[in-house]
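One structure is given below, represented as structure tokens, and several questions about it will come after.
Chains here go by letter, A, B, C and D, matching the order in which they are written, and residues are numbered from 1 within each.
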Amino acid sequence: MNNYPKHYCGIFGIKGQPKAAESVYRGLFALQHRGEESCGIVSCEPSAEKVSFYEHKGVGLVSQVISESVLRILKGSMAIGHNRYSTTGGTGLQNAQPLSILYKNGRIALAHNGNLTNTNALRTQLEQSGAVFLTTTDSEVMLHLIARSNGSIEEAILDMMDQVEGAYSLVIMTEDKLICVRDPHGFRPLSVGILNGAQIVSSETCAFDILGAHFVRDVEPGEIIVFKDGEIQTLKSRKKAPKSLCSFCGIYFAKPDSYLEGRDVYSLRIAMGKKLAEEHPSIQADMVIPMPDGGICAALGYSRATGFLYEPILIRNHYIGRSFIKPSQLERQIAANFKLNLIAGLVKGKRVVIIDDSIVRGVTSQARVKKFKEAGASWVGMLISCPPHKHRCPYGIDFPDREDLIANQLDLEGIRKTLGLDYLGYLSEAGLIEVLGDGHCLACFNGKYPAG
Amino acid sequence: MNNYPKHYCGIFGIKGQPKAAESVYRGLFALQHRGEESCGIVSCEPSAEKVSFYEHKGVGLVSQVISESVLRILKGSMAIGHNRYSTTGGTGLQNAQPLSILYKNGRIALAHNGNLTNTNALRTQLEQSGAVFLTTTDSEVMLHLIARSNGSIEEAILDMMDQVEGAYSLVIMTEDKLICVRDPHGFRPLSVGILNGAQIVSSETCAFDILGAHFVRDVEPGEIIVFKDGEIQTLKSRKKAPKSLCSFCGIYFAKPDSYLEGRDVYSLRIAMGKKLAEEHPSIQADMVIPMPDGGICAALGYSRATGFLYEPILIRNHYIGRSFIKPSQLERQIAANFKLNLIAGLVKGKRVVIIDDSIVRGVTSQARVKKFKEAGASWVGMLISCPPHKHRCPYGIDFPDREDLIANQLDLEGIRKTLGLDYLGYLSEAGLIEVLGDGHCLACFNGKYPAG
Amino acid sequence: MNNYPKHYCGIFGIKGQPKAAESVYRGLFALQHRGEESCGIVSCEPSAEKVSFYEHKGVGLVSQVISESVLRILKGSMAIGHNRYSTTGGTGLQNAQPLSILYKNGRIALAHNGNLTNTNALRTQLEQSGAVFLTTTDSEVMLHLIARSNGSIEEAILDMMDQVEGAYSLVIMTEDKLICVRDPHGFRPLSVGILNGAQIVSSETCAFDILGAHFVRDVEPGEIIVFKDGEIQTLKSRKKAPKSLCSFCGIYFAKPDSYLEGRDVYSLRIAMGKKLAEEHPSIQADMVIPMPDGGICAALGYSRATGFLYEPILIRNHYIGRSFIKPSQLERQIAANFKLNLIAGLVKGKRVVIIDDSIVRGVTSQARVKKFKEAGASWVGMLISCPPHKHRCPYGIDFPDREDLIANQLDLEGIRKTLGLDYLGYLSEAGLIEVLGDGHCLACFNGKYPAG
Amino acid sequence: MNNYPKHYCGIFGIKGQPKAAESVYRGLFALQHRGEESCGIVSCEPSAEKVSFYEHKGVGLVSQVISESVLRILKGSMAIGHNRYSTTGGTGLQNAQPLSILYKNGRIALAHNGNLTNTNALRTQLEQSGAVFLTTTDSEVMLHLIARSNGSIEEAILDMMDQVEGAYSLVIMTEDKLICVRDPHGFRPLSVGILNGAQIVSSETCAFDILGAHFVRDVEPGEIIVFKDGEIQTLKSRKKAPKSLCSFCGIYFAKPDSYLEGRDVYSLRIAMGKKLAEEHPSIQADMVIPMPDGGICAALGYSRATGFLYEPILIRNHYIGRSFIKPSQLERQIAANFKLNLIAGLVKGKRVVIIDDSIVRGVTSQARVKKFKEAGASWVGMLISCPPHKHRCPYGIDFPDREDLIANQLDLEGIRKTLGLDYLGYLSEAGLIEVLGDGHCLACFNGKYPAG
């Protein structure tokens, strides 16, 4: 699953750290895989007289958008940041986050990971009472709801949570507080860390490592944690809901060196590979070939369980996508065909099993299988480390429309034939739950939507 | 008056023209002298099913920000644009215009030239009722007021005009209308033109020439003109006020090839120079030297009236300010000292009169006078084509603070001595009115503020 | 004559000045009008142990190519620089100067203004004996000739001058000397200045002003001046030739604030305008209109001699050409049509005389005359401050091919009719000589080539 | 071995292919790992009347330097290209290749991979006879030698090969020929491929895959292959030498999907890992951890031979080095510390063996070992897939100076202690030869220099 459009984000915040923006830079760098389209940082320098917010957003990677001269402008000991990957094309800069506003209680900035499901209704309602929107993001809707509440910021966030539905992990910065929020289902991960007394919030724990910080705990679903000077305050949302952490986070999105609910993602995926071996015991093969990078861990697990040779011989070109923000037509063409180069000589006459993390449209997989056949593989199987993708995700994962999902159009045998495979197997839903544990959202596999 | 910070803007709109954004590009190019910091275009492609707004804004000159590939994205037959010159430093992009919003009646975009005087009060009032602001501009305040009104867009604009005070010429684009608005005082110019049936609105008439369009008429103070398909509708603001066109527009800001209230600016300035001769009859000189570019026309007029030789021997370096957006320290130094090079050999032993459009801080003028003295001029006089600047402008011209205005600190004799001049004369207020006619704002000279 | 391709260069050198490259930056900035395509600086930091040359060249204006971080790299107290304007298209960077080489006596860098006429013969000869060329410039040929000589650098330069023909003003930097050279005809200007003991060489004297330096004297035709530490040594070329300073330098290329052979260019052009009045006594007009910027001074002179009103009402747009290095198609179109905007209302029913510095192809002039007629001028005359251009220049001025020169195709009456004029007059060759004095190259007017 | 400066290059050429430059772009993209500093393409459009060479070079990655608009300029059916990685700092653009010259027989361009050992002597000799050098590259020396020969291009190349010593694989383009040359020792690889009749030359075979081309054969040491229209001509250098292919090419530089002398590099490295297991039989460990990317294949081979679990838990951040050409200080710091993130939880209480391709200075390795100890590994061993690096490489691999090579300062036990390891082992020279076969240069290990 290398080429389909993703819609995922990374959020990060820190309070109580000199040059906070520099720490956010590092944090966003570690979270870059969660969003490559645009990024931004808002910092806050609180003082007795006057609180200033400093802001910089841009289209591109963190290292392209945030230069050292920009960091010098982003003063203060508190800051939040955001990485964004979106499919909406030209609107890059307009919808970049964090979103920073002025309202009756001063300044507030917000970084959002997730997707609301009742945005349109809320928006219409707000517009009817005179609201003005400068972006098309659901994040701006949340800010309006907060701004219209009349209590403290904590109450305002609780009021907002009463009204919105869907997925949201938030890092919010006011003039004196850093606040992290996770929706009642806990669709998206969010963790708290600590670095010499500075408080940190991050979408994934791998960002703590880059700072030399320590993981403290996950933010609970429905929890609001408020950091103000030395104090930490914890609140719970009024709405309750069953925990529904996105299962695709463990399967695909998270970095292998991050921890989800206490377990490292690398080991989770090894376990998926082992489970695949258990569920597809009939296969006889000479080698297991991971589809980089998504299939590497599962392939290792599968190889360990079966004893088939682990052969990572689809060699990745590390320079794909490293030019300017807009790849040229020629580059895109090279990317499509030559991101992975097969060492063809090694598969001639061999039985091979390819391990991947998903099949979405099937087009890329089909092309890859063809290369193995042309190279003379005598038998080509493919195992996928999750169930078939059949449903759209309303919570922010940008799968294609249902009609473009191959598993929605064809049955297992149909997909196998279309891809030109000798064998095709998926991890079962039960198998996935066994590996990940309960409390996950499986809607894209089974269509059971926990919210909205 | 070459180096002090300006805060002025240019606005432009067109309806009924294929590739409207390209015409706006040309219009903004012609209005570039009104604002060099940032610019932007919003276009609209109306259709039966769906109306789309396309937007691009950036920091820099029109030719730097709006590339041909950007123009291809800005589709549609209606578009508005904005040039901005501001002193607010790093906030360039955030406050760039046009400002485009979504509200209960759909999309609306606005380009604003001028400055409101009751922004803070309006803003506080709006915030108390839950409003959220993404920029610090008074233009966003106007959009909120429009969005909260419950009538048609025309009524909403009238409602907004009831509440705001200060200077505003506006070009507003809705999904099917192009609307131009001038505040009841008419502080800023705004003219309507026509090009093969397409309707055009522009801050200055020189933008009509660049398009091959024809001037139709000025928008009246307090007038709202609505262009919708073939129809033109005219409304008048409920508030009435004495006409108060900014006198500095004629003295300094407008391009000489623009027309203000039916007269070309070139001739207005020639007349100021003649009036200077009339008011300062005692001077005997060998030559008249214009301070480029502001003093050229007045110097010509003065030369014609006195018979003193017109000698444009302060030679301008046309490359100053032509590098990247941020000039280097070295460049700024070169700009300060060598923008104008005096042909020193021509003034030795001569009596010279320098003509300029204003003295603000006096620092630059002092340095220039010194160069004439070093070059051996036997007598150096200076005449200014307007009265002394003593008061700040709340309507959008960014003069320095009062304490930095030399005419606020010193009397005529004091300024003359400080600048090292043998003679210093200003155009009188009466003289200026004789040239410009009645109905002008002279607040920066006499402190009589027509509004707010 | 605003739009035709120019091939002219500016050269500059300084020795004995800390941060020499910064001074060269300023000098090149002042000489920018002599070449906008590319530029470069080579500096030298001599020391007891090791001499280092530092170099930076690029395509674009000085302020675009040479940043402050580049200046920090260009260390040393001696440096030379070059501005280039060429028509050769994509080869910008390859042919940028100064050209810096390694040869048997160490390092040498050279900046060249002019054009050799026997390059091909010399090149073939050098190639036959094994020479390798990395550029197509005649400047590289000169370096080869110097490198093959066996004497001192002074003798090597004399040897080189024995062999080359055509136009060359040179600034040469060796590891311990700054050397300036002017060809025996003295086609291109070159002057020496002084700044607190530092030695300066520049194509035009206006660069001395920007540095606060003083003009010392012109380099003589055929002269070589060597600056080494405190000492100054002067040599004369073995070849002798009649002085032939390019007359077009005074007519068009030089900045008005530069001095040519002791006279400021501004006054030279005033004199040309006066001479025009003398030679065309029959004209009766209401106003004299300069074609900016080339015709301004001559128009002033003409106005003074005739008493006709000087009306600079072709208003220049100062933003033309200020975007990126490559103007877009749209920008080029705007440049062609709207670089100058006529204040049309002022010429209605008037008899106008336009003053320009030349007519090359006639296309631009024709378009401009048409605008005057459309604006209702009752009579339009045009006077040119030099004789008709009929011949190509082999010495480095990039006039179009002969067949494209309108004066080569048509007689005076023919040109007049083609341009749609009521009167057309040129300055006579005799008149030009009266103004400029003897010792000028007039080959582009009369076809008499002083060399080659 | 991730962070030390490399000096290696990739060269590529094609003849008989429309839009040849586009194919070179792809080829250079596939060879990008051989040099990231600068790159360039020279193309040739031969025609009856006139042969034109088109050239573009720049500092940065292929995808940054060569845009699609550049490719449109690089016309013709023959082209060569070059990737360069150098340590020489600011001289990037000046020394970029291919180098293109004019000489007595017309145009010639050359791309060079390798390093001559007698450059200085040849250069001095050439300079004494009047030669002029514009770069400091040994490649320019080769061009001078070719240009001074009097025979055909083939004879000229043979004459040049008589004089130069050291390492050189060359792709040369004349106006009608594509020529590939490998030095008599064959230090650097060079292979010939074919694509629908077009002839291709490449440093590595992985570039054939990206084009869909087929490998034909390696260029032999000392061989010259000339492609001219349909004909292929083969010559042998007059000097003979024992074959000495750089062993480090197989150990480290080549991409795993390239073939060296008929064997894929992936399998070569697997074999090195197996040989390590054979040579270090005493180790008992829980897991084998590859140092990405260099140690991956050897770790796999070692894991297979020992049965220790292959655990790739040093997770690479794929965004390191993906910003602009010049990384900021902050980015360099992040790169140094966080390019690889250890999943610390997995090594607690475990015995681990790290596999890497080399230890140069030892600094990076030391830091990495420390991380394992901090994470609680009970025993940390390290195996290196080649012998200790003790000697500098005069043929173009940019190892640090001898005094900076840790294996030159300390014995095995000393290195082990310095790195904080419980075990340290290298592959023996004999073991390496067993894997690679005879005919390899091992000078960096044993100091026996095959040439110069």
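We adopt the following convention: a residue touches a chain if its C-beta (ideal position, glycine included) is under 8 Å from a C-beta of that chain, and two chains touch if they have at least 3 such contacts.
Note that the coordinates shown come from a computational prediction; the quantities given were computed from them, not determined experimentally.
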item	value
Euclidean distance of C-alpha centroids - chain A vs chain D, Å	37
Cα-centroid distance, chain C relative to chain D, in whole angstrom	48
Distance between the centres, which are taken as Cα means, of chain D and chain B, whole angstrom	60
Sites on chain C at which at least two other chains make contact	none
Contact graph of the chains (line, ring, star, complete, other)	ring
Interchain pairs in contact, sorted by label	A-B, A-D, B-C, C-D
Partner chain C, residues of chain D touching it in the complex	54-55, 73, 90, 94, 99-104, 124, 127-136, 140, 143-144, 147-148
In the complex with chain C, residue positions of chain B that touch it	22, 25-26, 29-30, 32-33, 61-64, 67-68, 71, 206, 209-210, 255-257, 259, 264, 266-267, 296, 300, 304, 309-310, 312-313, 315, 317-319, 322-324, 327-331, 334, 337-338, 341-343, 345-346
